[in-house]
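These notes open a run of structures that come right after.
Shared between the two complexes below is chain A, which has chain B as its partner in the first and chain C in the second.
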Partner chain A sequence: MIGIKEIASYIPKKRNSNSDLKDKFDMDDLFITDKIGIKSVSVKNLDQDTSDLCVEAFRNLEKKVSIEKSKIECLFVVTQNPDYNIPHTSAIVHGKLDMPENCACFDISLGCSGYVYGLSVIKSFMIQNEMKQGLLFTADPYSKVINKEDKNTSILFGDGASVSFIGNNPKLEIGSFTFGTIGKEFENLICKDNILAMNGRAIFNFAAKKIPKDIPELLQRNNLSKDDIDLFIFHQGSKYIVDTITKRLKLDKSKVPFKVEEYGNTISSSIPILLESEIDNPKLKKIVVSGFGVGLSWSSSVLFK
Partner chain B sequence: MKIKREDIVDIIIGEVAAINDLNSTDYDTDLSDLGVDSLDRNSIFLDLEENFNVEFSDDEVDNLNTINKIAVFINDSEN
Partner chain C sequence: MIGIKEIASYIPKKRNSNSDLKDKFDMDDLFITDKIGIKSVSVKNLDQDTSDLCVEAFRNLEKKVSIEKSKIECLFVVTQNPDYNIPHTSAIVHGKLDMPENCACFDISLGCSGYVYGLSVIKSFMIQNEMKQGLLFTADPYSKVINKEDKNTSILFGDGASVSFIGNNPKLEIGSFTFGTIGKEFENLICKDNILAMNGRAIFNFAAKKIPKDIPELLQRNNLSKDDIDLFIFHQGSKYIVDTITKRLKLDKSKVPFKVEEYGNTISSSIPILLESEIDNPKLKKIVVSGFGVGLSWSSSVLFK
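Take a look at the complex of A and B:
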């Protein structure tokens, strides 16, 4: 059974504090802590690129589990801020980590829904091709494209990366998925001329309306009810959107973590970074993961122990 | 469906934890002066759209800054 054997992450040390931006963006402490829920955002070093963040995540993975590189058969990177347009960043990561030649590599161009889509892609790919070990990276450093004068985005997004070691005898098995896209609304979160722009209201409305409808469908596909789930890991877009979804789904707040106060919304890394902190919790048997955002795109799944 | 000022008040109270009560003297007060921030505004207008079958543009969300203005807009859109 192919699933998640281990997860590791990398969050750069440098932080930009949202408190320092209170006057600039007319915010108060309560807005920062209780509404946005992000006190500071992580920022990569200028000499780091997307592939470097992946490499750091892998180094952290090696501290947790012994990896025989010769056995890695596929390596995917979820990113929309690659090192270069050409070649794919996964090839660069492959080279930096000295992976074997028979390893399949490609990038998955998705944002906040990317980790969940990525799980479906890697699980299917490995089963179809009878593979036993693979790596799913997420790394999407928005610091490359943030406009520091834009309140909508500069107080939210932080840099980070994750790697999930996928294979047999996993800690977490992967259940059925839901997927969705509203392509007509693509302009609501877009990077043009290397500058990110987001219509905050449109993204909020999308997530507040779609996810509370998606989760019941997901649970039905997995023959589960809300009460069967031990933890709901929603994409950590902001405290406000996670609270809104929690309220609309009438979920027990204790089952819905929000833990990105110190580093921010790390796009496709937000779910795996949180999952890493919970993967060894023996009390958690069934975990919903739900990613949503740029595209507009969403995907959800259930992970089982 | 016609909207009453009290319907809007109910939505605001439901969405903004810091607001427990509003009365008619607040109907012409700017929402931000009542304690509604930009994120609350998104929730309030989403609730209004869902409950009263109306759509607001981003400009309308910015400009409809009092309970009275919102009520007039929604009721006029019915006609």
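Take a look at the complex of A and C:
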């Protein structure tokens, strides 16, 4: 059974503090701690590119588990901030990590739903192509496209990367998925002329409406009920959206972590970074993961021990 | 069995003639007809974006086959020239075509190997997620990033798009695949600061070396011999590369089409555009498809009737 054998991540040490921006953006402490729930956002160095963040995540993976590179048969990167548009960043990561020639590489262009989609893509691809070991990276450094004068985006998004080692005898098996797209609303989160723009209210309303409908469908698809789930990892967009989904689904708050106070919303890396911190918790047998955002797009799945 | 039910494409009518550039680039007729084999390249209108080319391809698909949009469960776009980097172009196409909300969408970032990879991605994804109907688009309008003063690129690449309707009871079933990446050589075909640059000799040498080794491996993986194959569709990079691979593999030239004289190398669309013209040929029972380029990357498969 193909699943997640291990996860590692990389969050740049440099932080921009939101409390320094209180006057500039007319925010009070309550807004920072209770509404967005993000005290500071992580920022990569200017000389680090997306592929470098992936390499750092891989170095951290190697500290946890021995990787025989010659056995890595596929390597995918989920990103919408590639090093270049041509070629794909996965090829650059492949080169930097000295991966073997018979390794399949491509990038998956998705935002905050990208890790969950990516799990389905890599699992499917590996099963159908009879592959045994693969790597799924996420790295979407929004600092490359954020206008620091834009409150909507500059106080929320942090840089980060993750890598999931996928193969047999996993720590987490992967269940059935749900997927969704509302392409007509794509303009609500868009990067034009290298500057990100977000209609925060529209994105919030989308997630607050769609995800509470999606989770019951996901559970049904996996023959599970809400009470069977030990942990719900929602995309860490903001404290307010996670709290709102929790309320609308009437979930036990202790089962719904929000843990990005110190580094912010890392887009497709938000779920795997949180998952990494829980993967060895023996009490957690069934974990829901649910990503939503750019596209507009969403995807959810259940991970099993 | 999931396979290719139908293919349609769109090639913009506007052409730039290479014979007009003979003096500028110091080319003779023989170079144009025998070496590159491309007399003119197709160019999209400035007001057409990548998603628009996909929509045109879909309109042409609808002329061939009735599509019930409510039954389309996934829609992927292979591109490295998206409308925007954020969001994915597949979401924009989803919106423009008014596709249903439960449709999974993402872009696959790959160049000339992208259609073959894309076939594996969509087939795998659909089987594993028990989907019945999906759409695989290719659209990579290099006119967005070509420097008209650069002979290496401006005489080769044309704009185009394709859509493959994927599902059960297909016209072409999809066999086993080979995949490869040489990430260390990624700089040989790269887009920096929105300008494409290609080391033509390096790309040629890569393809001329790797593909003649890859095809025997592909045939073995599919339990076939060279003589079992009725048609070899290689990525239409240039006449010279297709001729060279044909010679090195000692293939019957009549089995190896090169048909892009009038519109050029359309990157990930080159294989599906050619495949469209042969899909209803009753004499062709087994077709090899092989894409190679950006990454550097390659992938091959066998399609069966």
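As a working rule, the second predicted complex is superposed on the first by the 305 of 305 C-alpha atoms of A that agree within 3 Å, B and C clash if a C-alpha of one lies under 4 Å from a C-alpha of the other, contacts with A are read in each partner's own complex, and residues count from 1 in each chain.
Throughout what follows, a residue touches a chain if its C-beta (ideal position, glycine included) is under 8 Å from a C-beta of that chain, and two chains touch if they have at least 3 such contacts.
All figures in this text were calculated on a predicted structure; none of them were measured in a lab.
Mind working out whether A:Arg201 is in touch with chain B, chain C, both or neither, as first, second, both or neither?
Once the two structures are laid over each other on A, A:Arg201 reaches chain B alone.
For A:Leu110 in the superposed arrangement: first (chain B), second (chain C), both or neither?
Second partner only.
For the overlaid complexes, name the partner, chain B or chain C, with more touching residues on chain A.
Of chain B and chain C, the partner in contact with more residues of chain A is C.
Touching A:Phe31, do we find chain B (first), chain C (second), both, or neither?
first
For A:Asn16, is the partner it touches chain B (first), chain C (second), both, or none of the two (neither)?
Neither partner.
Considering only the defined contacts, which chain C positions touch chain A in the complex?
74-75, 80-82, 84-96, 98-99, 101-111, 114, 117, 120-121, 123-125, 127-129, 145, 176-186, 189-192, 196, 294-297, 299
In the complex of these two chains, what residues of chain B are touching chain A?
Touch list, chain B to chain A: 37-39, 42-43, 45-46, 50, 58, 61.
Spell out the part of chain A that touches chain B in their complex, as residue ranges.
Interface residues on the chain A side: 31, 35, 199-202, 204-205, 208-209, 240, 244.
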